[in-house]
Amino acid sequence: MNTSRLGTRTDAGDPGSARVPGGTPGATTPPSTRTGQRAAGSGRRPRWTEDRVVPYLLVLPAVLIVVLLRIVPLVMGANFSFTGDGDANGAWVGLDNYRTLWDDEVFRTAMKNVGLLLLALPVAVAIPGLLATFLFLKVPGYRLYRSVYFFPVVLSPVIIGAIFNVVLSFDGPANQLLEKVGIEPIDWLGDSTYAMFTVIGVHIWATFGMALVIFMAGFATVDQSLLDAARSDGANLRQTVWHVIIPELSQTIQFVFVTTMIGMLTGMFGLLYIMTGGGPGGATYLPELYIWTQQGQMNRPALASAASMVLFVLMLVVGFAQLRLLKRATKES
Amino acid sequence: MGTRGLSRWVIAIPMALLAIATIYPLLFTLNVSQKTRREYVLDRFGLSNTFGLDNFVDAWQTSGLGTYALNSTIVTLGSVALLLVFGSMAGFAFSQLHFRGSKAAFLLILGALLVPFQVVMVPFFRVLGQIGLLDTYPGLVLAYTAQFLPFTVFLMTSYYSRIPGEIIEAARIDGASTFGIYLRLMLPLGRPALVSVGILNALFCWNDVLISLLTMQSADHRTLMVGVTALRGQYSDNIPLFAGGVVMAALPVLVVYLFFQKQITDGVTAGSTKG
Amino acid sequence: MPAALSNGTRSRRFSTRLAAVAIAPLVLTLAACGAASDDGGGSEGGGESGKLVVWDWKSGDPTAKAYVDAAKADFEKKHPDVEVEFVAQPFDNYYTLLGTAIESGSGPDVVLFNGGAQLRDRVDALVPLDDYLGDNEERLAGWEAFQDADQTYAVPITLQGEPFYYNKKIYEEAGLDPEAPPTTYDELTDVCEAIAKIDKDCFSLGNKEGIGMEFHLSTFGPGVFTPEQYDAWLAGDRDWSSPEVKQLFEMWVQQNEDGWFNDGVNSTAMFMDEFTKFQGGESGNVVGLISDVAHWKSFDEFLGDDLGVYPGPIVNEGGQSLMPAEGGIGYGVTEWTADKELAYDLVDSLSSTDALTAFYADAGAIASDTTIDTSDSGIPVVADIVSWLPESKPNLHTVLSADTLDLLHRLSQQLIDGKVTVDDALAQLAASDK
Amino acid sequence: MTAVTYEKAQRLYPGSTTPAVDALDLEIRDGEFMVLVGPSGCGKSTSLRMLAGLEEVTSGSIRIGDRDVTHLPPKDRDIAMVFQNYALYPHMTVAENMAFALKMAGVGKEERAARVKEAAALLDLDAYLDRKPKALSGGQRQRVAMGRAIVRQPQVFCMDEPLSNLDAKLRVSTRTQIAALQQRLGITTVYVTHDQVEAMTMGDRVAVLKDGVLQQVDTPLALYDKPANLFVAGFIGSPAMNLIEGELREGHAVVGGHEIPVDRAAAAAATGPVTLGVRPEAFRVVGEGQDGLPVKVTLVEELGADAYVYGTSGVEGTPSNVVVRVPGQVGHQKGSTIRVTTDPTAVHLFDNATGRRLNP
């Protein structure tokens, strides 16, 4: 048998060389000592081995933080929502706070506006989807647009809100532009018919770059040969988009839907707070803003907690429903 | 595909208009920041005829934006460091290691994405107060970490799940411990994602107003974005000063964006496609 | 064999790292606690620690510097070892922040409050000050706004009132006598018609926050109500179905329909846009304040000699022409503060004559201190305003609860928006104001 | 002693009822090159990964030498593994990749460098030591993966289809290189492949697996000559052995009315219907008039020296495919019918019910 040229194994005297025919599993050699011990201990798989413990240690900080600063507060809040405000501070009031919410027209409006957000969701997804398609088709200047479109995403919502406050004021630049093309000025933020749509619009303006970039990444993964095949089959653009690109992008579309929804339901507070403060006439309240005002301005923390619980349950329901719907939809296509 | 020639240009026109609409508000703000308060009151929307840094200097000096910027930097760096360490640790475990309860823990963290900050706001501050962290840098760092960790864990998990498991098996056979694999393989291999996610988180922390406002109660702990919004109090009508503050607060963000555009967009997309 | 030898070191190294991972969060937390004891002292505050924390939304203002310095100096004379920290919070979020502090039972020792509902809603967190007041009770005015159930919870430092300011230049352009502002509602109507002809707004109005209606109620109220009705309202006997109340609300709607206001009332912010418009010469009149902001001092900066002022016009027979005024802002002591007396001493310094004189001079606040001489301001309208103060009565809107005020804000916008009728609005208010 | 022993080793995935590897008994001798072969899903990779410590062993045990490694973590087993996708560390240079295990084992810097250098020389990688894997060709990457295993001087090499990502030509040359290298190093090797040609050319012995069950372990030639059952018979050999169902009658097998001579002893062992197995090269073409199995030619594959004739024989009404090796350039026509026969010694006989070999 050939001996290796490599390393220590070639040493004829090395008892660790396993290739010595008939070599006794010498209890005298270091490696065998090791192996002997191991062998004895390994009849049964030990419970706490390194590779079993470390995964838990790795996730521990993250889980700890989320539990301590999200889950615990959530439970505390749930508990708190059954106690009273003001004179009844700390006293158990059962479902009173929830009844108050139910009777509060402002809260009902806030919930209705959540519905409006869900209706606007497809638009908020379609716009960046469409733009990404155009960029994918390399319309002139697409490189520039790609950079520019993402730009609002990096700005703070509070700053965006403050800027749009001025831009959308009644005598502001937006209406001046309308006037120039002969359209009656609109009280973007002061007319309850438009205000919620305006804020949603600004939110879409501020975030579509995010979804756009995600779509672009999705497009990059579309198999070029599928597009070629579609073209050789004589499919037009619409057919190609419908039958090739959309099914190929189902995972991306799902992701955009979910992130956009989370963004809409949790990320509009800054804009609302600055742009309308819930007005006019309470028309632009969302649950987050309601919680904020009840907690602060109205000094009713227990009621705010109850509203928080409603919002949380709503998020759960919407989140799960959406995942299910999308799963079914993408399976069908 | 079937769009060429004229139709591409037809599409390009609204695209270009949209591009203008995207940057217009900032140009508008820049214009306002060039005016004096008097000029603004007398003519709010016209082009400024003067150019100067007065409002910037004022915002920086009298309004203490300098201190606030330092605070923001400290808190942002601290938060991003924690987010990246904890996020990559958890991401590695969730994507590559198999352990009992892994799915439940992942769902728990992911579920936190669905909890808006306002929902836990009040009790959150109780907890923070009880551990004595209200109005401290570590308190705000922890608050940010809690806020952005679910997102970070999610992105790191999906990035790491693209790394073939064989590499980790190879390292195991080569004698690396699980933690050694994290240090020697996952951290260096995760670098692109860590850079992207780090920059994104830095933007989030830098831009936050709400959490910082509530956590940092004393004036000398305030962060930049809060300082800027404070310039636009209900009782202040010095819009040009506010505009100056806005431009200055947005400036570092813009610089970061211009330099790290690719990394930022890569980070955003890390979770969207499965390799 | 190297592999064999290394095995031990390997596992040792592993356990070290294991420990590192496990300990890291702990260390961070400990580090955090360490830092907390350094900086967090303010929150737990208290006299023993030698530090008092004041929350307000004014001290960051350059015009308030002299005031804060004077108050600090006064306090230091009394307590040289106690440090005072002023924290200027953004006004937008002031009461939310305060709410969070109250929630967690820790926070500032001394807090600035607006008089009225904001204070009354939070008296649980404040120390009754009646036992400490002494001769301040005589020297200062405007206490009612800071009292609840006959107990005083804050010491007023300014008086707040709402006069009508007008732009003499625009009156002139409109062919009106710049030295004869309207005294009755009919005259005001004529003024508005004249100003409309020169394509200006009669009034600048910002009702984005819904507070335009508060001002409307309190400034036109005296001209609509009889003095008896006025006092009854303040005393809590409010009849929302009375013809006078309905009249007030209909005036609000009518003024808007008649084009008295600028466009986009509901999207115009009061303190940022409404007064900017008036200062910029876009309107003939505005309902302004006498302290803090949107007052004679800031208007004077832009309008100078063109600035005029008049008290609310008489609307009905039996109505009165007066400028409503009461305590504006004041300092209270939180109930968790360690040494209440010490904290009150600071409040005392904050309302000292020296400090308030500086506040009046620099910030243009009409101070609560009746001993301050206001004759040398150089701004003519001040004399008028001060001369009306003795006849002033508290605002009609500040006696309303926070809930009712919030409803009023929303209804005022809906009235402008045409989303609710006056009758419906009044019914809702009546139900809320119990 | 670095023999490897599987003793009733079983892997049952949670939630599954049939084991992926079922009570595997296998002994791999010291220094032996053992190939595990079988179709995909047969459990060959799982068996290897159980040895490497990457899969848990549900029951039974695995020993390396005299050590019971059944429940040891991979790093304590003193094995090296070459993966199908090489699993090189993308952020490390070739040298760092190869030295990684040594570094983990606490081997000193100088010795690491020396050993890497030595292995690199052996694999012709000297010029690439500073490159990252991305900058290497497929063949080079494969060699780095080998190098990484060699540097460690392990007791056992585990190789999981290490050639399947190479192009056909490179695969053939690398095949011999690996075999030669293994012989030179003399390290016990367990090699997994789905390619029976690879198995036959490389292995000292070959273990054939199917559905998690070991079918036969033997030298390549023995597998070829004496397949233990129908599965091995069909799996080993290219083109595959002709398997034709037939009836036994007085020492002959009758297929579609044609007699084929079979081994007497085998025939005696039969209890029911049988399948005849004849290697393509064991068929002889006979002339017109002589008795033989008629085969209708559908395709002739000319290889020069030899040719394979593919055809169908009408047996029991259903045509079954037959391959016959004939000398090259004889020129059988597509569509023509040839008659073939064979020697009794060349006929493998399998029991239809059990699939087991009946020949001694």
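We call the chains A, B, C and D, going by the order they appear; numbering starts again at 1 in every chain.
In the analysis below, a residue touches a chain if its C-beta (ideal position, glycine included) is under 8 Å from a C-beta of that chain, and two chains touch if they have at least 3 such contacts.
The shown structure was predicted, so the numbers you read here are calculated from the model rather than taken from an experiment.
When chain centres are taken as C-alpha averages, the shortest distance to the whole-protein C-alpha average belongs to A. Chain centres here are C-alpha means, and the one lying farthest from chain C is D.
C-beta contact counts were set side by side for A-D and A-C; A-C has more. Centre-to-centre, using mean CA coordinates, chain A is 49 Å away from chain D.
Averaging Cα coordinates per chain places chain A and chain C 39 Å apart. Separating the CA-averaged centres of chain C and chain D is a span of 87 Å.
Inter-chain centre distance (chain B to chain D, centres taken as mean C-alpha positions): 55 Å. Looking at chain D, one finds that residues 73, 75-76, 104-105, 152 touch two or more other chains.
Multi-chain contact residues of chain B (touching two or more other chains) are listed as 44, 85, 89, 121-122, 126, 142, 172, 175, 177, 179-180, 229, 232, 239.
With touch defined as above, residues shared between interfaces to two or more other chains in chain C number as follows: 2-3, 5, 7, 10, 14, 18, 21, 24, 92-93, 96-97, 100, 103, 209.
Residues of chain A touching chain B in their complex: 50-52, 54-59, 61-63, 65-74, 76-77, 80, 131, 134, 137-142, 144-145, 147-152, 154-160, 162-164, 166-167, 171-173, 176, 205, 209-210, 213-214, 216-218, 221, 227, 231, 236-237, 240, 251-252, 255-256, 262, 265-266, 269-270, 287-288, 291-292, 295, 301, 304-305, 308-309, 311-312, 315-316, 319.
Those residues of chain C lying in contact with chain B across their complex are 3, 10, 14, 17-18, 21, 24, 28-29, 31-33, 35-37, 39-40, 42-43, 53, 57, 60, 62, 85-93, 96-97, 100-101, 103-104, 106-107, 209, 271-272, 275-276, 279-281, 292-293, 298, 302.
Touching chain C in their complex are the following residues of chain B: 38, 40-44, 62-63, 82, 85, 89, 121-122, 125-126, 129, 131-139, 141-142, 175, 177, 179-180, 183, 213-214, 217-219, 221, 226, 229-230, 232-237, 239. Of all residues in chain A, those touching chain D in their complex are 1-9, 18-19, 21, 23, 25, 32, 35-36, 38-39, 42-46, 49-51.
Interface residues of chain A facing chain C in the complex, by the touch rule stated above, are 8, 14, 16, 30-31, 34, 50, 53-54, 57-58, 60-61, 64, 86, 89, 106, 165, 168-171, 185, 187-192, 195, 273, 276-277, 279-282, 292-293, 295-299, 301.
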